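Reading through the structure tokens given below for one structure.
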Amino acid sequence: MTRPKPLVAVKDLNFRRGDRLIFDGVDIEIQRGKITAIMGPSGTGKTTLLKLIAGQLRPDAGFVSVDGLEVHSLSREQLFLLRRRMGMLFQSGALLTDLDVFENVAFPVREHTDLTESMIRNLVLMKLEAVGLRGASHLYPRELSGGMARRVALARAIALDPMMVMYDEPFSGQDPISMGVLVQLIHRLNDALNLTSIIVSHDVPETASIADYIYVLSEGKVVGEGTPEELGRSRSEWVMQFMHGLADGPVPFHYPAPEFFDDLMAEPLR
Amino acid sequence: MIEVLRRFGRTGLRFFERLGRGNIFFLHVLAGVPALVLRPTLVIAQTWSVGVRSLIITVVSGTFVGMVLGLQGYNTLVDFGAEESLGVVVALSLVRELGPVVSALLFAGRAGSALTAEIGLMKATEQLDGMEMMAVDPLRRVVAPRFMAGVISMPLLAAMFSAVGVLGGYFVGVGLLGVDEGAFWSQMQSKVDVYEDILNGVIKSLVFGVVVTWIAVFEGYDTVPTSEGVSAATTRTVVHSSLAVLGLDFVLTALMFN
Amino acid sequence: MYSKTVEIGVGVFVAMGLAALLMLAMKVSNLAELTAADGYQVTARFDNIGGLKVRAPVTMSGVRVGRVTQIDFDDSTYEAVVRFSIDPRYMRIPLDTSASIYTAGLLGEQYIGLEAGGDENFLADGDEITLTQSAIVLEQVIGQFLYSKAAEGGS
């Protein structure tokens, strides 16, 4: 299988938090210009993976490279230079609460460039227009709905025209309409700006509708990968349970416990 | 028994670990301070929320403390026929001790807790992480300006506290109790030394400003990013910085007025 | 986040803080005096200075004319050497002025009182006042009083 050189390559990644092994030899490749989804149930460390790619966390073994640079051997300055070319959308939006929408989007521009005020204004309005919120530029984050906050955060993430955007759970907790808006927006921006997108999510149908390639993670390992169609046809019990949302399967319904009968008969513990 | 010892040791280790983290944090923040010269607006905006908003409570408390000093001092001094020294008593107690200490305690309660809560909430809502992802160092962008604002505001607040305190003492002593006005001021001027008393008081408040703001921003930055974590950190800020102010006050007094 | 109000407010705040500091320095403490204290230095020798301290006032006719700058002990004559500076406004103090140490009130602080003589020449920097009277030490006064009473009773 010959593929073009990936933008992000994760090789044999090991990461533990305390005694818990979060990643145990994970290999992921993210192709340029595509939307790649990383899926898995809650608590599998999907957000941790994004933080590892962005260099906020340091792996115990293995390496992560972004655009040919090995993230964890970079100095802080080099890492910050690299991060200017990455955008990230946090689950909560992570908007700065003491700034209004306009200033939030302008924030990275002001911090990293010396553009004049009128250029900043044009740029910010352009980005806000792209997410459909130019009219909300004077609102404060507390006045926004969750979906709007995410769109503002998205405008902020693309303010400096990054090469890639990482989305942390962009769909969770959204009503169907704003979910649809976000799905469309991610898809459109990816094509229009020639971005590379990484989506971390557990919302199967929405993610599958726009992803070019999907990795499914469970218990620190990649348990399935492929295009949405390939995964939909997958025979792996695990992937089937996840993709189709079955209550019981390899991921058991019950949290590990002693036999129910024994537990009922046991002396109550004080 | 062994268990008690173990817990004792563990608490001690954790304390020193935290202290070490606090010190490293302090150095990082200091490293971010020089760059603020280029962006004074950041410091000005924070001086507003840290300093200006603590102004009213400081001035009101200062006035009342000065008035109480005038009343109490008069009642004590009049027994010795030395009520002319009222100005000295009021001014010295304020400038040396009460001004720096009480205003630092108020500052810890008003501005310190607000700083911790603000930074803690920014951490809990991923704002700090978000900044870091935008290649902006939150220590420089968020913490350093707040730290600077605290260090600038504290001595000014303490000076205002002492000044209005002296006026409060004057009001009660001269205005209400009939102490001679000339004696009040001239005795005060002959006994209060500008270096020994005023300058040392300013140094004290500067030290308190550094310590209280440092504790406040560190607690905020180091908070467990949940609502319980933020509220616990806020409480810790007030308790720790108050204790630090009182303890340091003893040390500084011993060093300065010996 | 950042407006004119904030800028003005912070400006006023800083100005008020500096004004408070200035008031403490000028009105409350002795800075005004220290800066104007480049007077001329005069010394006086006393057998006993009691509780006189550096920075104690020096007065003439009850008006403050200077302050004590230094107190030493001369171990050849066993006298206290008090150096004080006099405000340059008062240049015409006779050379044979006498200096005494008084107490303000019964238990107040001690200060130096100068009493003008009749000399045509005036004190200048580095001069010494030779006519001095020591501090009255309360124990000695009481002791003398009792002694003289006893002497009266005995005669």
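A, B and C are the chain letters, set down in written order, and residue numbers restart from 1 in every chain.
What we mean here is this: a contact is a pair of C-beta atoms (placed from the backbone, for glycine too) under 8 Å apart; a residue touches a chain by one contact, two chains touch by 3 or more.
What you see is a predicted model, and the numbers here were worked out from it, not measured in a lab.
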Middle chain, criterion being Cα centroid separation | B
Could you tell me between which two chains the number of C-beta pairs in contact is largest?
-> B-C
Quick one: chain B and chain C, Cα centre-to-centre, how many Å?
-> 36
Per the centroid of Cα atoms for each chain, what is the distance between chain A and chain C, given in Å?
-> 78
So, what's the distance in Å between the C-alpha centres of chain B and chain A?
-> 43
Two or more other chains in contact with one residue: find those residues in chain C.
-> 1
Complex contact set, residues of chain B against chain A | 121-122, 125-127, 129-137, 141
In the complex, chain A touches chain B at residues 54, 56, 80-81, 83-84, 86-88, 90-92, 94-97, 107-108, 111-112, 153, 156
In the complex with chain B, residue positions of chain C that touch it = 1-2, 6-7, 9-10, 13-14, 16-21, 23-25, 27-34, 55, 57, 105-108
For the chain B and chain C complex, residues of the former touching the latter | 41, 44-45, 47-48, 51-52, 55, 80-82, 91, 95, 152-153, 155-157, 159-160, 162-164, 166, 185, 188-190, 192-194, 197-198, 202
